[in-house]
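By written order: A, B, C and D. Residues from 1 in each chain.
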Amino acid sequence: MVDKNGGDNLPILSKEEVSKYLNEVFPQASAYNINIDEISVGKAIVSMVTKTAHLRPGNTVSGPTIFALADLALYVLILAHIGKVALAVTTNININFLNKPKAGILTAHTSFLKKGKRLIVCNVEIFSEDTMIAHATGTYSVPAK
Amino acid sequence: MVDKNGGDNLPILSKEEVSKYLNEVFPQASAYNINIDEISVGKAIVSMVTKTAHLRPGNTVSGPTIFALADLALYVLILAHIGKVALAVTTNININFLNKPKAGILTAHTSFLKKGKRLIVCNVEIFSEDTMIAHATGTYSVPAK
Amino acid sequence: MVDKNGGDNLPILSKEEVSKYLNEVFPQASAYNINIDEISVGKAIVSMVTKTAHLRPGNTVSGPTIFALADLALYVLILAHIGKVALAVTTNININFLNKPKAGILTAHTSFLKKGKRLIVCNVEIFSEDTMIAHATGTYSVPAK
Amino acid sequence: MVDKNGGDNLPILSKEEVSKYLNEVFPQASAYNINIDEISVGKAIVSMVTKTAHLRPGNTVSGPTIFALADLALYVLILAHIGKVALAVTTNININFLNKPKAGILTAHTSFLKKGKRLIVCNVEIFSEDTMIAHATGTYSVPAK
């Protein structure tokens, strides 16, 4: 992506810093078995180990669980790149459920479509093993300083 | 809505029947404190009492919790109107987060935009007190018999 | 809708004023045979008479034509309610195509889901005769003054 | 993408065949100055030269014009890969407008997110020079044979 704001999309927080912050502000996040696998230039990878409570008949994973992973992974991406000062607010998420996931590890690959000063639009692809099982785009509003 | 399939959008399951079925197939649903308030012609109203685990800093409700209510309310609408035989699969949900909800009761009002034989598109408005705090549309694929 | 900004959603421009302005800034709009049928509190109704160039095989109306009507109708709604000063920018449109429209008159009914200071979210339902043929939600960013 | 249906995503029509077919069934398509740049395994690239009628004040391109390019590019992708027999119907398009395009050439890069037997979900990124100016996902319903 060409960053229209002239930035270089370098993250400003490490995955350890983002993890620590998440545990402080969202103590319930641990309920999701979330792990931040990678934070790099304009990207983040976040995975989840599904629990019994996340499953639906047929040993598949519930839609809200997949949405929660998408939402949290996008939040990690934004937090890592804009920091803790300006808390971005989710305004829209559009999610397509593509294939049935299996219980186990789900991995979300996120990136910026646009990193504007007021609006951030991101992309997330969620995989179960090698299959893309969901795709989402999310829009976040960044408050004025 | 004019039902293009000539039906009258009469529900075929009562709220008691839908509740009983949900408890059987989604025993975790009780984790959400869900109540089916009303099932009527082409409509359903479902409410949730938020719990501590659903909250975010500032005493607001998390996005995934709101999504879960939207998803479950749309499922109740469809189940009540097409029955248990053909299990509809969620293919897309687009959700706009409009205003910050308060902890407490959230109420989802659902209706059909299209009740086709293969695809069902529904609308859901979620309220916290008198304020619409989220709006979503969902698409469901109905398996061939 | 409860207007969180305390306003009353009264339009500040008449349909004649909005029509005149559209003709000035979008002289091509006339290519769409657009008519503003109504502007009222928090609502606008805009109709289009389809032309041969808008049709697809089977005498149905093309997706981009329906999208153009949705986009223009939402723009009319916003212009009528926030005026010409702050030009709102479309950031997202999610459109569901529900039923095949017939050539002829299409009518778009629009309303606000949220009229915020920075973000406006609107709803639009498009009808061909008595059938809802498309539903869309749109998000608009309002520039800082 | 791993094709869950075991296919190899090889296109079955060349760009010349798709162009010829488009000119037959959508004679108005020429109004859009569309060119099919590439059809390859699971992908298609389609470009448009904007005309005066597509512009908005500030020499930018109208939203409906960008939508029309997205819609047509996705149609080219699907047509090239599933052929003329089963006419896929657009059921949903979610489009994010990211940056202001300049008048001139817009290029749409499309790919499959899921190529199912009944539902196809695709991704499209639209560029003006080197900047991604819009991103969309589209869902198509494939009629039963």
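A few comments on the model shown:
Note that in this section a residue touches a chain if its C-beta (ideal position, glycine included) is under 8 Å from a C-beta of that chain, and two chains touch if they have at least 3 such contacts.
Only a predicted model underlies this, so the values are computations on that prediction, with no experimental measurement involved.
With steps allowed only between chains in touch, the distance from chain A over to chain C comes to 1. In this assembly, D is the chain whose CA centroid lies farthest from the centroid of chain B. Once the centre of each chain is set as its mean CA position, chain B and chain C turn out to be 27 Å apart. Centre to centre, using the average C-alpha position, chain A and chain B are separated by 24 Å.
Annotation for chain C: residues touching 2 or more other chains are 91-92, 94, 96, 121, 139.
Taken together, the chain B residues at the contact with chain A in this complex read 25-26, 28, 31, 52-53, 56-57, 63-64, 67-68, 71-72, 89-97. Residue ranges on chain D touching chain A, taken from their complex, read 1-2, 4, 94, 96, 98-99, 113-114, 121, 123, 130-132, 135, 137, 139. The touching residues of chain D, when paired with chain B in their complex, are 91-92, 94, 118-119, 121, 139, 141, 144.
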